[in-house]
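Heads up, the next two complexes both have subunit A, just with different partners, subunit B and then subunit C.
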Partner chain A sequence: MKISIQVNEGPYQHEASDTAYQFTKAALAAGHEIFRVFFYHDGVNNATRLAVPPQDDRNISAQWSELAKENNLDMVVCIAAAQRRGIMDPDEAKRQGLDADNIAEGFRISGLGQLIEAGIESDRLVVFGD
Partner chain B sequence: MSVKKFMYVNRKAPYGTIYALESLEVVLIGAAFDQDVSLAFIGDGVYQLTKGQNTEAIGQKNFSPTYSALGDYDVNKIYVEKESLEERGLTLDDLQHLVWEDEDDDWAEKDSIRLVSRAELADVLDEQDIILSF
Partner chain C sequence: MALLHTVNKSPFESNTFDTCLGLAKDGSTILLIEDGVYAATTGHSVAEKIKNASGISFAVLGPDLQARGLEGKLADGIKVVDYEGFVTLVTEHDAVQSWL
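The block that comes next holds the complex of A and B.
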């Protein structure tokens, strides 16, 4: 089955991103195709590479990056939600005249159309969040 | 591209969290994709459609006028759950009068809001391909 994932909550504060990650891993292991993972609302905060959790805790952003690398996942961060919350890639930071970017490996910033397209192209769109 | 039935379920009050505002942003962007779009307002979500909102004292943007533009985006199936209104002491008169123009009927102005019971809304949800819940 072709599945897309939507993550609506930020890391650590809420378990949605963890659950989405475990679900994505399990779906891939079961032979399903993940068409796209879309990060929206505070979910865009999963895409920062600057988070430094304690050493005995999981690094949620790094987990996603690793999973994306291993499985060639398309991980998209909503641009409107990202701009509000200061998640920037080098291009966007430059365009906004900012002095830094913070996006983690494997994530890309794009529009909400990517979410709608994921809904159209996938057999299932699974939403994680409140 | 195939046409799917997209349902946006709005469950949260308009302020307090950003879900309502960012849901509206998805709806407006999604309207460009020519899909079969419906919106549902349930629970505290019904407050999103109330008229006369004034956000001055909380220092946030009042985005409620945007709902009246939905008709221009061909978003004209707006389901409001009757029980959710009643539980909050609200009636349809407390909500904005949302309309759309039917080009197949000489651009007649028609109501976008459909007041449905919880049971009826369950049937509507059952018919959808994609449910985005905010």
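The block that comes next holds the complex of A and C.
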């Protein structure tokens, strides 16, 4: 089955990012296709590569990047939500005249149309959030 | 249409569980995840509501129940699932409604 995931909550806030990650992993393990993981609202904070949690804690952003690499996941960050929260890829940082970018490997910045497409193309859309 | 409802807030913190229970139709399943697992325990008014709800199935995410030390307080009639079981519930229902 084709499944898409929407994440509306930032990492280390409540539990939504963890649940979304564990669900995605389990869906892949069960042989389902993950069409897209869409990060919206505070969920875009999952996409920073500059988070440095304590060594005995999980690194949620890095977990997503690793899962994406292993499974060729399409992880999309909402551009409007990302700009408000300072999540930048090199192109956006340059366009905004900023001195740095921070997007983690495996994430890409795009628009809400990607969420709509995920909803249309997938058999199920599962939303995780606050 | 059989829906899978997910509730992720404690019924003592938010009214999403009550709203969900009030709107869920026969044949649907309510899956309690994250702090929503508190609704799956015994000894309070919410447990009575679950006991009296007919036509609706209840499930709880085991890892979240364990993370809160609540395995021993699980009410009767609630199925414990792991993440794999969560995925199966998603595929077995026509759509998923997340009560956030």
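FYI, the second predicted complex is superposed on the first by the 130 of 130 C-alpha atoms of A that agree within 3 Å, B and C clash if a C-alpha of one lies under 4 Å from a C-alpha of the other, contacts with A are read in each partner's own complex, and residues count from 1 in each chain.
Here, a contact is a pair of C-beta atoms (placed from the backbone, for glycine too) under 8 Å apart; a residue touches a chain by one contact, two chains touch by 3 or more.
Quick caveat, the model's predicted, so the values are computed rather than measured.
**Student:** Of the partners subunit B and subunit C, which touch A:41 in the superposed model: first, second, both, neither?
**Tutor:** first
**Student:** A:52 in the overlay: touching subunit B, subunit C, both, or neither? Say first, second, both or neither.
**Tutor:** It touches nothing on subunit B or subunit C.
**Student:** Residues of subunit A touched: more by subunit B or subunit C?
**Tutor:** Touching more residues of subunit A than the other partner does is C.
**Student:** Name the contact category of A:100: first (subunit B only), second (subunit C only), both, or neither.
**Tutor:** neither
**Student:** Can A:80 be said to touch subunit B (first), subunit C (second), both, or neither?
**Tutor:** First partner only, subunit B.
**Student:** With the two complexes superposed on chain A, say which partner A:126 touches: subunit B (first), subunit C (second), both, or neither.
**Tutor:** In the superposition, A:126 touches subunit C alone.
**Student:** For A:1, is the partner it touches subunit B (first), subunit C (second), both, or none of the two (neither)?
**Tutor:** second
**Student:** For subunit A, which residues belong to both interfaces, subunit B and subunit C?
**Tutor:** 8, 125, 127, 130
**Student:** Which positions of subunit C touch subunit A when the two form their complex?
**Tutor:** Interface residues on the subunit C side: 6, 8, 33-35, 61, 63-64, 82-84, 86-88, 90-91, 95-96, 98, 100.
**Student:** If you look only at subunit A, which of its residues touch subunit B in the complex?
**Tutor:** 6, 8, 40-42, 80-81, 111-113, 115-117, 119-120, 125, 127, 130
**Student:** Any idea which subunit B residues touch subunit A in the complex?
**Tutor:** 1-2, 4, 6, 18-19, 22, 25-26, 29-30, 32-33, 35, 129-134
**Student:** So in the complex, which bits of subunit A are touching subunit C?
**Tutor:** Listed in rising order, the residues of subunit A that touch subunit C are 1, 3, 8, 14-16, 19, 22-23, 25-27, 29-30, 32, 123-130.
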